[in-house]
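Below: the structure, in structure tokens.
A, B, C and D label the chains in the order they appear, each numbered from 1.
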Amino acid sequence: MSSGYERRTKQQLAQRVAEDIFDGAYVNLGIGMPTMVANYLRADMDVLLHSENGLLGMGSAPPEGEEDYDLINAGKQPVTLLPGGAYFHHADSFTMMRGGHLDICVLGAFQVSATGDIANWSTGEEGAIPAVGGAMDLAQGARETWVMMNLLTRQGESKLVERCAYPLTGLGCVKRIYTDLATLECSAEGLRLVDMVPGLDRETLETLVGLPIAAARSSVQA
Amino acid sequence: MSSGYERRTKQQLAQRVAEDIFDGAYVNLGIGMPTMVANYLRADMDVLLHSENGLLGMGSAPPEGEEDYDLINAGKQPVTLLPGGAYFHHADSFTMMRGGHLDICVLGAFQVSATGDIANWSTGEEGAIPAVGGAMDLAQGARETWVMMNLLTRQGESKLVERCAYPLTGLGCVKRIYTDLATLECSAEGLRLVDMVPGLDRETLETLVGLPIAAARSSVQA
Amino acid sequence: MINKVVTSVAEALGDIQDGATVLIGGFGTAGIPNELIDGLIAQGARDLTVVNNNAGNGDQGLAALLKAGRVRKIICSFPRQADSYVFDELYRSGKLELELVPQGNLAERIRAAGAGIGAFYCATAYGTELAGDREVREIDGRHYVLEYPIKGDVALIKAESGDRWGNLTYRKAARNFGPIMATAARTTIASVYDVRELGEIDPEAVVTPGIFVQRVVPVPRSVTRAGGFKS
Amino acid sequence: MINKVVTSVAEALGDIQDGATVLIGGFGTAGIPNELIDGLIAQGARDLTVVNNNAGNGDQGLAALLKAGRVRKIICSFPRQADSYVFDELYRSGKLELELVPQGNLAERIRAAGAGIGAFYCATAYGTELAGDREVREIDGRHYVLEYPIKGDVALIKAESGDRWGNLTYRKAARNFGPIMATAARTTIASVYDVRELGEIDPEAVVTPGIFVQRVVPVPRSVTRAGGFKS
């Protein structure tokens, strides 16, 4: 499907998300691909990572052999705590998430609608074991919910849709969508372009997505 | 009004209440007369005193000159903290009070009804400055709410009534009433005697109160 | 870099607007952010709604703010004190609106604002005049009253130690409303006696994690003094 | 004298009844009260409702309790794990009822039970199938779903240190559900690695005050091990 443009790699996508995170931000990175964003945060900035299981000021993974399984992230992987970090219980942790205290959460998704609905917790498959964790709390609770995903499924279908077919995680709560091909904003008025990979144009992107996409607010080159 | 009996002094009344507090009890003693109960708790028992402003394991007043005004009780008087005590914030403190974790609270009252309604926060006087504090939380929240008061007003009227005339603090929440003349239980079925001062009989007590009082469950001497 | 430490009270309070709802910590003598209240008097914002457990005593602090005519409404549980004469006079003359709230409802409503709770049912005040015309519901055989959150534009609280990320600890019963008010305001300003380096506050003993605090103002240490409280 | 320290797990768990609702702490590898879960398996109570963030993994602990057929229903937020095969099979064969609850609702419903809240409105899950047929209300332009408390007959939690009055501290992210579950159960049983003398735990750093804890069981220290968690 690639013609004159190349997809962002996972690393490039993580880096693209990291670029938009401001100094001093309180951020929750969801399980899976969003976790990679931590690797691209600028060292001269203080970005405070929150983990739903009771950590603020989460640091990177410990060196091999120094894992402490009492100090894990939401994905149950060993992490560290920065000086200035804190431990707290689950009700306090979800107070941070649900009370509008996190500046940004970054979530993976199966589908996102043009108006910001998100589906990321269940494919609705018969017999599948369901699991929701903190996804619904984050989607509704953070000041800005960002989604990070490939724009198309392996079958080439757009994951950006007019209306989610999968069970919803939250309604109208996604502000930005970072994908391998483009970055977009969603709102009650629909999609707006933020940037694209070089060689891609808005008309081609609209064709891939199957939805109208307003031009970026000011001239943005990718 | 006294004939063949004598009223309990404040000290005797405080001692009478203290007698019924069991080893290991978590207790909140309200502002005013109930505070005196602390002086009569048996030294060989662990009774843990709670103060609404964030203390558990409250000790006695500090020696003169050693007051710390960051360590006060609900009546704003300096206190101490026992080894094994803890500090916590207001939401946690009221979780203890409202979530049924206190075994006993002892409150003063203007009036108590035979069915356990209590009025202790306002006389309803025109122009009076109202103040409620934690009284309503305690009355509703403790496992057992006890009232400690003189049975009669200075004018000789019973403070134990069929129906409170003063603004209510809580409905049907008082279990026991400790007074200068008698100890009584209240319930949906009305009053029942627990004990009386020597020389007083149930008929005289009923006359003073103006309400039927069932005999004590087993023979009790005062 | 996150540095929430500001060098002066005036700088910390500069942007408080007329009409703001200001949550002010403290219970009795303990935890009153005196320097911040004095700063608010100097700052000049008017038409304030103040949320505090009490309503000031003597001529200082909150009482002085009331006396200066800067408060439109006070939400509190226990305005009456032996020396609450400033409040008493304003209230009796109808110059100050009072919303009297049972103390546990005050605490829980503040926490609810911080935790994103839309409203909650609690048993306190059921059947009393303080339930007013609030919605009542029976749940599992018990009666409850519906209560709404109390959000602040600003919270002024007193802590013991803080760091540049805004982590706070408190001292004894001076903790009281501080930690929950910190969660409930858009801008939380904490006075501290000690500014610590990052990591000097034990992460197991942080009471208010920095996410709830926007500004930390060091003030000279002073001993908490007896107030005019009598019951 | 209050002495909540009991010498054996068996003694601590002796009175758990068939049909009980058991809150079990832990998130991932951290904070799982393994000794107490093993004790519950040995104790024999049946027809249990278990509240936990997960639904067991591998063959040990909660998974073993499920495998022994002792659990009727599980209330949790994230049952699916790389090695949650015991749960998966019981669930698929209809032998285990699942109430799937968003994690924040789980935490807040447990806290509500401890705090005497009858019910509360929260925004999480609004418009999703996990809101089910719950009551919905619009407050200040936002939609909320009505949620009820989750009370336990028993809570089994893992702490780090405790004293004979039941005061507890935790270790790092092993704190998770422990402090709120302690408030929400009639009988809270905590395993600890260290029994401290009264006063040895700093009163400013007590995480769970003893009023919320009925029994403290010392267990030999063991290092928390990696689990089979994969996302």
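Just so we're on the same page, a contact is a pair of C-beta atoms (placed from the backbone, for glycine too) under 8 Å apart; a residue touches a chain by one contact, two chains touch by 3 or more.
Because the structure is predicted, anything quoted here is derived from the model rather than measured.
The chains touching chain A as well as chain D are C. Centroids built from CA atoms put chain D at 33 Å from chain C. Taking each chain's centre as the mean of its C-alpha atoms, chain A lies 56 Å from chain B.
With centres taken as mean Cα positions, chain C sits 36 Å from chain A. Of all residues in chain D, those touching 2 or more other chains are 108, 111, 115-116, 122-123, 170-172, 204, 207, listed in ascending order. Within chain A, residues 81, 87-88, 91, 94, 98, 141 each touch two or more of the remaining chains.
Contact topology of the protein chains: irregular, matching none of line, ring, star or complete. Annotation, chain-chain contacts: A-C, A-D, B-C, B-D, C-D (touch as defined at the top). Against chain C, in their complex, chain B makes its touches with residues 31-32, 51-55, 67-72, 75-78, 81, 87-91, 93-94, 97-98, 127, 129-137, 140-141, 167-171. Within the complex formed with chain A, the chain C residues making contact are 1-2, 111, 113-117, 163-165, 167, 183, 197-199, 203-204, 206, 209-212.
Interface residues of chain C, counted against chain B in their complex, comprise 27-31, 77-80, 84, 87-88, 91-92, 98, 100-108, 110-111, 122-130, 143, 170-180, 207, 223-227, 229-231.
Remark: chain C residues 108, 112, 115-123, 137, 139-140, 142, 144, 148, 169-172, 202, 204-205, 207 touch chain D in the complex.
Put simply, chain A touches chain C in their complex at residues 23-24, 26, 44-46, 48, 50, 56-57, 81-88, 91-92, 94-96, 98-102, 141.
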